[in-house]
Structure formats: structure tokens, C-alpha cells
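I've put the structures underneath this note.
Each of the next two complexes has chain A plus one other chain: chain B in the first, chain C in the second.
The block that comes next holds the complex of A and B.
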């Protein structure tokens, strides 16, 4: 797009006193990673691309489903029908919105083996994951790498967000979670209590504003946790203290970061599916797997994914060997299916 | 005793601590304020809720 002799597309931001032209220049030079193209993440990506953030990495290992269109505002029915990887669909949309910036889609699982490469070369990370385990890993990785990040969560009609600024006197995520261990399945999820798109959009709006503040060095950066509910009609600021005994920012005793173990499985929020990550990830040949699996069922593949269905077992395989085993809730069963059809 | 719990008048047993209240509310993690003062997790057991207190218990939101 040729912008010569035209008014800057960012003119309304440049005349905003909090940013100005200098602020816009900083935004243009900034690099931001967004952890998952969820209801929050897709909305944040849209805001940041339109605001002119120069480099945006979109990290997501999942694909689009129809039940997500209600709240994931940049995806289409066609993409859900095609089960397009979210990172790819988001990147195509955002490039059509702003061709002046760099959009870097990454289809991958976020775990202790991948996190460094995903965040070490960016200025700021936006959390939009639905996994508390990923969030705790991000908290530890960002503490280790001294990267600022913005926690954001939404569920039903509520939301929370807070800036986490390692190296400052500000608390980390673990400071306000306390010592309690995280147990998968103990908390309600969007699959059990639902979610309103307005709540997700509100978290995204608050995070997007903080991104601009942090990137431009604004002294208006918020330090309290924000908690709200668009249905119950509350919006609160909750001050959070740094915990001197915090295992993460106090003692650097990491529970997730740097702890890579064998192959991994994880149930996927609201999907009746289990993700299997092989111990050793690497680019695989879909042609080879199509040949191997075609005698056992239907196989189709694109540039990004291979789908296998034998009428009983349904597998979506990604280029790095990661797979989503559909209609399975038991992780051992998923691992067994992976071993049988793909090979661990 | 009566307290204002998350903006709603609520009847609670006398002598309840924040830890007791969280158990009753089936909350394992929460952000807690009593009369606009943040209560840290280490103080949940020792903090006793009194009649008329304004208590805010907000579950940590994990969804995306």
C-alpha cells in the first residue's frame, strides 16, 4: 500500500495526547507475541495490527471450530468448515487489515520446550491462553527472561487482567495465586459455564491499551489487577503485593520452565479432544503419513494439517508431529492412539 | 451475621475466616478484599469476617 502524499493511517492515534507521533514511532518498531488466538487473543491481535504494532507473532496450535465463531471475532464460517489453523487464518485476515506490519504466524504447542524461541526476541507478550498451566509456564519464562507480559482471562461474563513486569517491584502471577498447586479440571471452563463475547472483548480492550502504554513507556501503566463482570455489573481494581516468599519471583524455583519430559498429552478446553506432543518434534512428511494411513481410513491433507478418519478414530496431525486426537477425553487412550497410528 | 459478599447481602455463620468462606464458596483460588483492603493468601486463615463487612471474593479467571 502506497501511503505517500496521504494522511497517516494512524493520525487519530498520533493526535491522541498519550501517544503522539513519537509514541506511534515506538509502536511501529515494537515486537509483540500473543499467546493463543482465542477470543481474547484474536481481538488483541486485531487491535494491535490496526494500531500499527510493527511485528506481531501469533502463536496457536489449534484450529477453528464453529462453536468458537460466537466469540473469536476475526474468523469465518468457511475457516471453521475447513478447520483452518487459527494462527494462519488470523495472519491472513490481519495482513489484509494492515499490509505495513509484519505478521508472524506460528502453529505450535506452547510448552517448556518451545517457549524460549517464541518469546525471547519480542518486547512484550500478551497472554490469551485458556490453559492455566501454559500461563504458569509463561509467568516463569518471562521472569527468567525478564520479559513484561499481560495476564488476561475470561470466563462466562467475567474477566481479569494485570500487567506482570519482571525486574520491577511488581508481583508476578504466582504472587497472587499463592502456593496452591494447580490441578487441571478443578476450575470451571468455557465448556462448562459458557462465555460471552463482550467479556472477552473487554479483556482484550484493556490489554490492548496496556500494550500501547508499555511500548511507549507511558507513566499511565496500570499496576492493579482488574476484575469485572459485564453481567453482574462490577468493575474493580484489586491491588496485589509482591510476595517475598513467591516460589517464582522470590526464589526462582520454577515448576514448569526448563522441565522438559518425554512425550506429553493435554486435554483441550471444550473440545472433547486430547493433544499429543511427541518427545522429539520435527517437520514430518504428510505424503509419507498419507501413504501409511490411507489403507486404514480416509486421509486428506493441506499445507498445514493432515486429517485421518477411520470412522472410529479421528486425528488431526500437524507438521511438527503434534496431533489432536478427537472424541477422546482420556489422555492414556489418546497416547495409545497416537502410538498406534502415528508412532511415538 | 450479615455481610456484603460480592455486592450482595449474605448471611454467614459467626466467626468465619476467609479460608472458611472460600471453602463454602467452593473456591480454591481467589482475589480477596475485605472493606477494600486486599487479603493475602497467607492471611486467609487468620482473617475473621465480621458483621457488616464488605467482602469481595473473585475467582482467578483462567479462560481465554
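The block that comes next holds the complex of A and C.
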């Protein structure tokens, strides 16, 4: 059949000088994985599905909650009420947006045991996790597997993103972060400092553009890290140098990849609760942490434990960072709650 | 003692295996996944670490697709009996161990159909024969990767491709190959892989496992405590708990983890190359001895197993001579695989003498074995 008279659904992308028809063909053949259907991840998935990326893997272990709808662009009240897994809800919506592409939802915890299978057969990975631990694992896995990935994170009104590319002279995320490591409870999270949907959308927009550039081999690929704040009015390009002593891309001394060293969970026999044991145990200041959480629900603490309850989530936190997440039987969900409220 | 019975159990193991078992008994004798205190969590960490290492060794999708079992027989029973019901058809071969053949025979009595494909000593099962045996009601194909009698290697990747195309479950008995040959369950289209811990993976006896591809649900053969969802009277559906009722063998699993770590560090290709060197040496020496018959692939790659008979001698007697006179450990008889002996024609003559070296066998030990068999075969004893 002669298709020359049919106008392509991607015509406005094809006439864009940076892509052209050839670029569109490359996008169609490409395979991309998105790490978590967060506010950023779901927005990136939406952009990429509409742009015609041929295969998109949507990875998430958690379900939709009402308090997320404020910043989530493709989920509905009904889905929050039904506690639909985010990967499933996103896939159903995106299939109705573009039936020509393959959408592959995967409900899983992302850890050193699952990461290979999630990313080894794709061309590019988009990071949209809210867990620093998952992000550091991704940095190491992508370095080992020589896969390009796009770091993206948001908190309050700020955001950051950077392309991390394979190659011996390219910096990795750890080159930028250095040795800085948070202990449990120290790390600001969206539950303690909040989040604006505009900041998340901004990161998603920047990542989506870089996906198209990287997939089509454009020479406009950005090499700097972008850091912005939509409230404080700044938008900066920060050059990141490769650190020859970087434990990841310099020495290949991985802290997470190829090891069972990430945070662990243990189900509590006979109770609807899961214990989360963070990789790095620390000494939490209950006083400071209680102040951060007090606007969210009831917080009570003693010398040994801190109890938080907002009528939905119930957490018993111990001084060293271990926590029992109550009314949860799924370990993936427990880790997600921990990441949101305490920080992983 | 010259130990040449690795196909039964690895008689020598890396030193790290012994110390891992010891450390686990001293420092992690809590119950994994049960109590949540430090010693229980330490035991849980050992189990998680070994599960992780198994999944990496076989390139499984995730660690939860690895289920710990007591040994390969236990794993094969779960895989076979958990996946078929009355009226189903199973395809297998004439090279199988009783750990496959007996569960199948048991199921035959319960109304399951079984087709046994005759295999060749040199190249194993012809994949075309598998394709030809598939019927409307074929549910499962089960084949050994390496014959425990002859060392014959089946073309698992080719059989896997056929099974996947036809939508048939493909179960591999990796009793002789786990740790000896590269296995990639995803690339080879393997749905289930049963492996023992105590052979080429260098773990202690009482360990082993079953890889089950994500998405496949088996009937459980046992139900009981899992440490999770204890409020439910029914067995939980989550992996690995669904298939792992009862307290696991944590010290054994610690040793298995150390064994797998050794294999990953050495490299499986290096291990296989060394095995091949040893069996080549053995065959090249034995083939020159008059009256010695070899039942192992001569012109194709093989596992670290060589079977022989000596004209005029009962196999059982040969092994006893080797043990008592020459201090060499081998095994003789049917090796729990009567079908395989029917295939190579040694069923009625009392089976074969099986010589199975391992990674810790040295050249001098092989030379001593050849020399001793020479003395026996020439009747110089």
C-alpha cells in the first residue's frame, strides 16, 4: 500500500530540523526504560509515548495514592482509590495515547538483583526515582553495562538533571556527588519539604528533550548538569568534570551493583508490617525529624522510638534508622513509604 | 585418596566453603525471615546473598526466581509434579537419571503420558526429535543438560527454542552442569532449572535449588510456615515463600554461596576448559589400553564424566580394586540411570565404572588412574 499520501502522526516532529524523518525512524526503533513512574517518570513516559519511542519499559513497584495526584500528570482519582499499580495505570493510559508503540509495564522492586534484567536490553535509561540508593545502583549498573542514562531529580521547587554517558572520559553521577552520603532521616524528602508539580514537569521536559537527542545521535546533546529552582528563580548549567579517583567510573569499586548490600526488608511474622533496614544505619535526631513531620500527622517520640501516624501511614522509627512500616504486607510498598518519609 | 567421584558429590571444595559453613553456624544461627532480630537478620542476609549469587550465575530475571531445595531431586520433583496434571503429556529422553525417570513413572500411573526420546552417546537428544514428539496435550519437556553416566551434553539452547515456540514448559536437570557449563536461563529459553548444591557448585549436601521463570506458577508439594503472612491459613503466593515452607538449611546455603562465588571468580569457561583437559587426558590414556571400552563422547564436547567397562571384569569389582589397592575413588554400577545404560548397552553387564574428575583434580592423579586401570585390565593384580 502506498502510504505517501497519509500524513504521519509525527509530522510536526519530522519537519523539526533537529530530527527530520530519519530522526523519527531512529526514535521508532529505540528502546527506553524509565526507572519509576514518579511525577517525573510518568511525565517523561507521556512525552516519549507521544513522540513515538518504539519501546518504553515502565518500571515501578508502588501504587498510586491520592496525595500524589497534585503532581502526577497521567493518573486519576479512581486509580488512587483503587490503589492501581503505577506501572499498570501508566501503561493503560499510554496505550490509549499511542497504539503503535510497545509499552512494557514491570511491577518490581529495583535492587541489585533485578537491575540487570530491567536495563540490559534497552538503549537508554531515564532516572525518575526518589530513592538515592536506587539512583546510585543505576549509576553503577549503567557504568558496568556501558548504557547511557539521564539523571533527574526534584524536591520542593528545585530540580536537577544530567546526561550520564558511557565512555572512559565521561563523568558519572558519583563524580558529581563525591563522597556525600546521607544517613537515614537526614535526607530531605518530598514528605518533609514538599514538592511543586512545576519543578517535576521541568525536569521531565528537559529529560524528554535529551532522550530524543541521544536516540537520534544529535550533536546538541547537553554535557552540563542543569540545576534550577522555579521559586527562587535560577537556572544554571554546571560543568561536571570526570574524577579520576571516582570509586565508580575511576576504580570500578561498586558499592551496590553486583552485591546484596542495599537496604533490606524483613516481614514481621503474624503482623501486617514490614521492617525496613537501611544500608547505612545512623543516629537520628528525633527532635529535628519530629519537627519536619509534625505538619503531616501525629508524631510522638521517646528516647528509643518515634511513632508517626497520619491516619493512613504508620511508622515506628528506631534511632539507628530501622523502621517498622505498619499496615503493609508488601516489601516493595514498605520501601516506597520509607523512601518517601525517611529517605533511602 | 585420589578422588574421582565429583559427579556424585564434589569431595574437595574451596576452603572458603568450609569457613562459610562454620561462620554461619557460629554467627548466624538465627531463623531467617522469622524473628527480625540481629541474628535472624544475619541468617536472612546469608540466604539473600546466596539467592542473589544463584540468580547471577544462571542469569535469572531476579533473585526471587530461585527457590532453595534440599537437592536436585527435590527440585525436580517440585518442577515435574508441580506443573502437570492427569491427561498431560511429557517429553523426556533415554539419558535421564532416576530423579527424573521415577517421578515420571509415578505420574504415568496417575494418567500422565510420557514419551522417551532415544539419545545418542555423542550428541545427546536430537532437537528435531523433540519437535516431532510434541502433541496437542504436551505440557512439559524435561532433559538433562549433561548425562551423569556418559558426560554427553544435550543441546539445551536448541531444545529450549523449540519448546518456547511451541509454548511447552522446558525443565532442565542441571545436576552435572550447574557450575561446569555456562547456563543462561533467559538466552536458552529455560523455564525451570533444577540444580544440586553439592556437586559442581561446591556447596554442602542438602542444598540445591530450582529456578522458576517469573510468571510460572507451580502447585506446591509442601505447605507450612514461611515467616510471612502468618495470619493466612493458605500458603502465600509470593516467591520464594510459596515454595520454601520450613526453616532453610542456612549453614548449607552459606557454603553454597561461597562455592558459587568461587566459580564466578574463577570463571566458568576456565573451569570447563580445565574439565575438558582432564577428560581428554583420561580418554587419551584409556583408549590405548586393550580391553577397556569407553562410553563417553569422543568427538564432541563433554561434561567431566567418563564411563568405562573392562572386558572380563565386573564394573563393581573394578571400583573396589581402585579403592582398595590404588586408593582411587570412583563409582560403578548404573549410577541411578538405568535408561542411560540401556541406551549405551551396559544395562545387563552391571553398568560402568564412572570416573569423574573435578576442578581440584591434578594431572598426576589422572595419570595414576590410567596406570591403575592398565594394571587391572592386563590382569596383573
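In the analysis below, the second predicted complex is superposed on the first by the 253 of 344 C-alpha atoms of A that agree within 3 Å, B and C clash if a C-alpha of one lies under 4 Å from a C-alpha of the other, contacts with A are read in each partner's own complex, and residues count from 1 in each chain.
What we mean here is this: a residue touches a chain if its C-beta (ideal position, glycine included) is under 8 Å from a C-beta of that chain, and two chains touch if they have at least 3 such contacts.
Just so you know, these numbers come straight off a predicted model, no measurement behind them.
**Student:** Report for A:267: first if it touches chain B alone, second if chain C alone, otherwise both or neither.
**Tutor:** So A:267 only meets chain C here.
**Student:** Tell me which partner A:58 touches in the superposition: chain B (first), chain C (second), both or neither.
**Tutor:** A:58 sits against neither chain B nor chain C.
**Student:** Given the touch rule stated above, what does A:248 touch, chain B (first), chain C (second), both, or neither?
**Tutor:** Touch status of A:248: no partner.
**Student:** Taking the superposition on A as described, I'd like to know which of chain B and chain C A:189 touches: first, second, both or neither.
**Tutor:** After superposing on A, A:189 lies in contact with chain B but is clear of chain C.
**Student:** Contact-wise, after the overlay, does A:130 reach chain B, chain C, both or neither (first, second, both, neither)?
**Tutor:** first
**Student:** Give the label of whichever partner, chain B or chain C, reaches more residues of chain A.
**Tutor:** The partner making contact with more of chain A's residues is B.
**Student:** Please identify the positions on chain A that touch both chain B and chain C, taking each partner from its own complex.
**Tutor:** 269
**Student:** Enumerate the contact residues on chain A facing chain C in the complex.
**Tutor:** 108, 112-114, 116-117, 258, 260, 264, 266-270, 272, 275, 277, 329
**Student:** Which positions of chain B touch chain A when the two form their complex?
**Tutor:** Touch residues, chain B against chain A: 6-7, 28-29, 31, 33, 38, 40-42, 56, 58-64.
**Student:** Which chain C residues qualify as touching chain A in the complex?
**Tutor:** That would be residues 33-36, 40-41, 44-45, 48-49, 51-52, 55-56, 59, 61-64, 186, 227-231 of chain C.
**Student:** Hey, which residues of chain A end up touching chain B in the complex?
**Tutor:** Listed in rising order, the residues are 36, 38-41, 128-132, 135, 152-155, 158-160, 176-180, 186-187, 189-190, 195, 225, 227, 232, 234, 236, 238-241, 243, 269.
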